[in-house]
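First the structure, in the form of structure tokens, and then the observations on it.
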Amino acid sequence: MDYQAVLEQVAADVAPLVGSGRPAEYIPALAAVDPYRFGMAVADVDGEVHGVGDWQEPFSVQSITKVFTLALVLALGTGDLWKYVGREPSGNPFNSLVQLEYENGIPRNPFINAGALVVTDRLQALTGDARGTLLEFLRAESGNDGLEFDPVVAESESAHGDRNFALAYFMASCGNMRGPVSRVLEHYFWQCSVAMNCRDLVLAARFLARHGVRADGSRLLTRSEAKQVNAVMLTCGTYDAAGDFAYRVGLPGKSGVGGEIIAVMPGQYTLCVWSPGLDARGNSVAGVAALDRFTTLTGLSVF
Amino acid sequence: MDYQAVLEQVAADVAPLVGSGRPAEYIPALAAVDPYRFGMAVADVDGEVHGVGDWQEPFSVQSITKVFTLALVLALGTGDLWKYVGREPSGNPFNSLVQLEYENGIPRNPFINAGALVVTDRLQALTGDARGTLLEFLRAESGNDGLEFDPVVAESESAHGDRNFALAYFMASCGNMRGPVSRVLEHYFWQCSVAMNCRDLVLAARFLARHGVRADGSRLLTRSEAKQVNAVMLTCGTYDAAGDFAYRVGLPGKSGVGGEIIAVMPGQYTLCVWSPGLDARGNSVAGVAALDRFTTLTGLSVF
Amino acid sequence: MDYQAVLEQVAADVAPLVGSGRPAEYIPALAAVDPYRFGMAVADVDGEVHGVGDWQEPFSVQSITKVFTLALVLALGTGDLWKYVGREPSGNPFNSLVQLEYENGIPRNPFINAGALVVTDRLQALTGDARGTLLEFLRAESGNDGLEFDPVVAESESAHGDRNFALAYFMASCGNMRGPVSRVLEHYFWQCSVAMNCRDLVLAARFLARHGVRADGSRLLTRSEAKQVNAVMLTCGTYDAAGDFAYRVGLPGKSGVGGEIIAVMPGQYTLCVWSPGLDARGNSVAGVAALDRFTTLTGLSVF
Amino acid sequence: MDYQAVLEQVAADVAPLVGSGRPAEYIPALAAVDPYRFGMAVADVDGEVHGVGDWQEPFSVQSITKVFTLALVLALGTGDLWKYVGREPSGNPFNSLVQLEYENGIPRNPFINAGALVVTDRLQALTGDARGTLLEFLRAESGNDGLEFDPVVAESESAHGDRNFALAYFMASCGNMRGPVSRVLEHYFWQCSVAMNCRDLVLAARFLARHGVRADGSRLLTRSEAKQVNAVMLTCGTYDAAGDFAYRVGLPGKSGVGGEIIAVMPGQYTLCVWSPGLDARGNSVAGVAALDRFTTLTGLSVF
């Protein structure tokens, strides 16, 4: 398939939507991004990458990191993660405390904020350096040694992180937080601040299209674990819009508040799209449309 | 692939689980079923069927009909169905009123009871005979003209249907019920009572593996609509266990309270398994395990 | 105290508010009422009545009947009522199903619709004629043999009663409805339709100011039971505005959707006010203001 | 009325219940208290005090302080308190986040933890020293200059205060916290740690029975404000058991997790009872029974 041609067609088709929606504004670093940016890239399982638009422009990866920290804990952990976090869609906004209270501090899944905090807490316990482990992994998979945290973004997240503090303290009150709340949150905010571009991300996520095999040929996850991460992405990866995303796009995907989305066609390719304008449920307007268009043009979705 | 050998392996592997869980007991017709029954069948896209165990034993299809009535409304309707029912996982039990009240009488998806009542209401409005339309379709696709409603089951469902009456009256109070509540419920209860076996069901569901094409080669759904039904099955088909089902099985699927489950591998096959013992969330214990085993042995899942 | 003078002062003070708010419009009989009506009456424990404005104009008593049916069940029952309905404020709208589902079909208190349906169900079981028993009681206490149900209102309530049907069927599904749903609702709708004026109501409620003693000197409730009914009125009588009503008025009170409110100062007097314009929580705007003014001018509240 | 005789009768009547229930155990200082303690005192409006049992034994006043901090903010504030906290019963446990999220960070009332944190935040803003202002007031009203905070209790509360941190950070994320979370919580924990006995408390609460007038004859609250505080106590003072407390006791009251309860009969008396065993909703088993008995024996309740 001529992915480059498809990408160019997609970019042309969704151009009218670029700039729609509203960029996240809760921290200055995100609010300052030009809402008219649009980039998209695809990598096949052999690592050939194609891109269009602002695909080489770095942005804060934010919630996309939740996929990588989950995979790292599954790879390094002792298999008990699912005692501390569920794998069901929440049907609620990503930062809600309601369900967490009804369910005694066990988050519904690893892709809402509370669940990602549990994953970071576990990764910290397993490695002693959650954020460092993540950064090393992302550099290795993307082949980009220049990847870095953005301290301004990290500090800004922390300064505006009251809701995340509430989530973490609530879980601590239920006994579902191993490390000190302040330490877990520090690693969480730094993780979210990593700056990457679409090229970096399609390469970094490639192990999910390769059934668990890393760029260097070593195995991060078993085939079964890779299937599981993809399944959780499909049912839980786009907040309370997961059903609609599956309906329209038909791929496992994970979105971030900066307007980025990654998606995986197991055995075939990984996608990344970035455009800052968000819809009411926090997903990139042009981004979802572009993925929808891509699976329609190629006829390649999981359904 | 030698599906017959796989089915026999699966049956042997899950034999220790058959009889686990509890059959549904809210109506006598379901409570009377032997909990040690287990049947499973697979059909490829060309209609070749293999089966194991009690695969030719009929049972009440119950909630499985929700898939067929949804497809019929999409095929016959004017495209406005999604104004009256959503397509997001509910994260709640199948008969809950809580979310329905918070969301003004618009059910989360067509596979919880409230959503299926909306679909039946629409099908009735489109055809004047919702249950008859369904029966005719099931007979045609399965090639089994002997399929019938079971009046004892239908009456029994109605006599124990207070919760469904509550759901329908609630939606009526929100203006989301076109026909009279009593009429819609009558059709709903009769639909659920259709008696079919695993063979019938894998054939009847085959259009979902054939991207919308019926047994006779005519098209029921567009390719895009077929993808959408499969997506909704994956995110919403197994009540509040959809995430876990995707994680374990990795296929779009729909379960019924009689212990039956259908599943679809687009482009490849349809599966049906039946074993009456249910887990706490209403899905067949041996049935889910059998599907899990099938996708593991074949390596064929959507992820 | 010169109650007549106080009433006239109150009427003058709240005159600017009469016509504010919106009358209930869900049935034609209520929507047709002139929103500029205002009447108020007070009765002392000896039955001396004073009134002002439209105090002799009859209106549908609606939810006010919930106080009388509760008292009748406490008087006639076997003491087990509180197994079927609670006595805690609900903190939710009067017709909500959410809490009812979380609490397994046991309504929070007898003054929300679900709770009143349970009370009517019990009264029906105790007497064989819930609505007849109520009417006889109201005639005796008010000394007005002309009190009647309004069949137009009753039929209209039934025709617009989908939400109440949903509540009753839900409770039936939880085993908390003794009689057939249709029979209980019929009595409930007829009860709500009784036409009374402010004079009738202050006399009919007088047993609550007389610690349980009826107009004829016989005892309906023990002193302790009368205290209990007043307590439930104070904490639950004005829907989800009970706290605000206690804060402003400082008396046990019960409101109805027609814009009527009764209030009780134990040992001293009963009040009734009627003005159809409702606030967002379903209580009469001018009515609450008038009661607030009355307790301020007289210095007589329970606090 | 011979209050001493009544108290002795009450103590005798409830003696079989002393030791029932479970003392709070979340901090060592509370868990260590002898569960068989029982003390009770009454003060009339002129300050004459009677007591029985362990009425002169000090204990942690805990949530009782919420009444005093509310009164102080009403007395010192600019009248805008009710923009930041409601006055409706919550119908939920005292430390729940669910309602707080649905209602955008505005707590239902000042007597659940979230509401009390808002009150402390306001008191801190008004005085610069919330806890000091409270202590000074309690000393003045009780005439006991020896009243002190218990630093061990305060530190212990803080160490076990994850849930309160979650509440405060959540409100901060909604913009409903003026001061830094850590400062507000510090004052809150210290306030709760004040050690007082039944005698101290009936005297300190006496302004609520005196329609707002302090021990020295000066006015703390207007008559209307005093009525309002009593109303909020009645509808919200005993967590999610406020309806039952009103039904049984019939007085405005406020309970604390140490097993203490204060109650007010406006114009007549204040009561305090202490016995550590709590029921499932956090109120003293013997304490509620004693208040119930007191109002029954004296015939003095607000209803």
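Chains here go by letter, A, B, C and D, matching the order in which they are written, and residues are numbered from 1 within each.
One rule holds for everything that comes next: a contact is a pair of C-beta atoms (placed from the backbone, for glycine too) under 8 Å apart; a residue touches a chain by one contact, two chains touch by 3 or more.
Keep in mind that what you see is a predicted model, and the values were worked out from it rather than measured.
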Maximum centroid distance from chain D, chain identifier (CA atoms): B
Distance from the mean Cα position of chain C to that of chain A, given in whole angstrom: 55
Averaged-CA centre spacing for the pair chain C and chain B, given as whole angstrom: 47
Approximate Å spacing (C-alpha centroids) for the pair chain A, chain B: 32
Chain D: positions in contact with at least two other chains: none
Which chain pairs touch, all of them: A-B, A-D, B-C, C-D
Chain C-touching residues of chain B, taken from the complex the two chains share: 96-98, 100-102, 162-163, 165-167, 169-170, 172-173, 181
Partner chain B, residues of chain A touching it in the complex: 86-92, 99, 108-109, 223-224, 226-228, 230-232, 234-236, 240-244, 246-247, 250, 252, 266, 296, 299, 301-303
